[in-house]
């Protein structure tokens, strides 16, 4: 378990009893069963109804952390399959539909590409060019955090 | 459910909540112990009376806190600095070998002899559809110990975005220099072969003119002198990378058959996913492709592990020092015993005596901790300065939440430990102490 | 409003050393409120032991130490401390002041742990006492700038700052020269008499003995038949 999450669960009991339930944000959806990456797309690579319905809302997606392109950053790529597991079985054409750009709230520690993780964040659709890295993404989870599944 | 709430909090609120939780034992016990008493005059009196000893205790605590804070602040600074220095280097292709060596050479300009990538491979890379920029990074020569790197104007633009002054190089006798290079626009310099003390016999027979200067990047490139890659080849008597009818226009396209080679190629992909595709595409028998950021984050993970070990050691030191200080305090309470007994003989409540002893210890702990944070920051700044001076990677240490969390935990723990000598003092015999 | 001192009644009192040796045995003793009593006797006879027991600083092996209705021998520690700070004033042989504090701070020491409501009165009273003892102008000075006699007067001010009905003193003039001792006795007795306080002092000082209503002789841990006034 990551230290931050350990701390947060330690703090959990105290804070949750201190706040009336009515103040809880509508983030509870994020607690539902994690979404699979492919559920965000239709066959023709357009956004699925699920994706459109969840735009701007919190959700949890499961997948694998691609080796991060930048060190000490708040950005990584979530892939459907473990990266580097099989260099031959995926074609470039599959790529855009199989990855999701993740912007975390805090700089994170790299998780091995073979460990499944569950990422929670707000779903953003539409092209966005990261001013820091110059990377262009079509779909993102922002304000994200993740746990090893 | 709590998780959702927790993650919906702003980061400062999360960090603040953690700090408060760590500080809670101290914050809760202090009012219980101190409530209703005016300890100030006696406390000041005791501290003055035992100023020397108090100072020794404060310095001991400060040193141990400083070590702990400096380690975490320094590691973070190192991480951020090294990551920032590698920011512009998405994907590097080099001849197969050590990724770390290649990264140190191509990104951090730490000299090492690497095998070359030939013209056909370079042409193949440059022609790949998803490649937006493929620039040779031809290091090896130096000027007064500063690396001279051969590349293209596009690379300079990628690195510097806009030049701080001057213009890009337009001929093989021109150079663009980093912000930290002590050469004015218009100055000329002669490259030396390899790195090391400039040796007249080893010096090349050419001179470059500085025509542009890059803005400060906080990376070793601030010390670099970038020249056209054609010039580097020319200096070494190699082909110029272009066909016989070359009109002298620098940069790509290069003629694969007249391309002498480059130890590393920087690739900028046209899209995010392409980085991964290209990394796979150029992982062959002839080339390796890697993300410096990824190599770096693996190094950071090792550094983080080391830091954790060091932090545990530092934490143990802090606890040991505090235990030593508390043992010292117990001796000190013997020194104070007569005055404490007098207070009790006069009718002072036991909790007053308890509070006095505890706040005496607490004053030393708080003063030591505050001083320790300051010393830790200064130590980390000095260390950062040394690292920056040696590696040209801009490393700046600041105190952040991790240090505050460390200190909050330390204060809570030691203030709780200080309950022990306080409890022992009120068990001392009044009459016997009064006659000391 | 000065409080009326409670009468003292000792019964069947026995104080022993931690080793079990008898230090003091007192079958019966009563001291009337508002009187001045001097306890004398050879050193080691048990005078100080008696005084400490009266202050609740020594718990007797058996017997009663009754100040009015309060039996110190039966009270728990915190209640005894409370009794001491509310009802007793104490002057020691060696002034026992806090050298790093000022005269005024020493005199009003009890204000540091007194309830908030009592602090202002305490400070005012200690200031008035210092003035009456001739030290008012120098109240802000640190104790080390005062002579031995003056320090003992500061100690008297401290003992009386809470306006206790009972004043206990352990050889208060023993470390003073004659002139200072006389002045201290005069100050002490006039303050005590004015306030209608009970004074019990261990002393060999002829001036103090002369000023006392009653003198008790203690020898070998027991009270000798009372001599009348010397």
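To keep things simple, chains are lettered A, B and C as they appear, and every chain counts its residues starting from 1.
Here is the rule we go by: contacts are C-beta pairs under 8 Å (C-beta built on N, C-alpha and C of every residue); 3 or more make two chains touch, one makes a residue touch a chain.
Here the structure is a predicted model, which means the values were calculated and not measured.
Engineer: Please find the two chains that have the most C-beta pairs touching each other.
Structural biologist: A-B
Engineer: Which chain has its C-alpha centroid at the greatest distance from the C-alpha centroid of chain B?
Structural biologist: C
Engineer: What's the distance between the Cα centroids of chain A and chain B, rounded to whole Å?
Structural biologist: A distance of 28 Å separates the two centres.
Engineer: With chain centres taken as the means of their Cα atoms, state the distance from chain A to chain C in Å.
Structural biologist: Roughly 78 Å, centre to centre.
Engineer: Please work out the Cα centroid separation of chain B and chain C, and write it as a whole number of Å.
Structural biologist: Averaging C-alpha atoms per chain gives centres 67 Å apart.
Engineer: Going by the contact rule set out above, which residues of chain A touch chain B in the complex?
Structural biologist: Those in contact with chain B are residues 7-16, 19, 24-25, 27-28, 30-31, 58, 66-73, 77, 83, 87, 92, 95-96, 99, 101, 105-106, 109-110, 120, 132-137, 145.
Engineer: Which of the residues in chain C end up touching chain B in this complex?
Structural biologist: Residues 52, 55, 57-58, 77-78, 81-86, 88, 90, 92, 96, 98-101, 105, 109-113, 115-116, 119, 158 of chain C touch chain B in their complex.
Engineer: Under the stated contact criterion, what part of chain B meets chain C in this complex?
Structural biologist: Residues 36-39, 41-42, 44-46, 48-49, 339, 342-350, 352, 430-431, 434.
Engineer: Can you tell me which positions in chain B touch chain A when the two form their complex?
Structural biologist: 1-8, 11, 14, 17-18, 21, 79-80, 82-83, 86-87, 90, 130, 268, 271-277, 280, 283, 291-294, 296-301, 304
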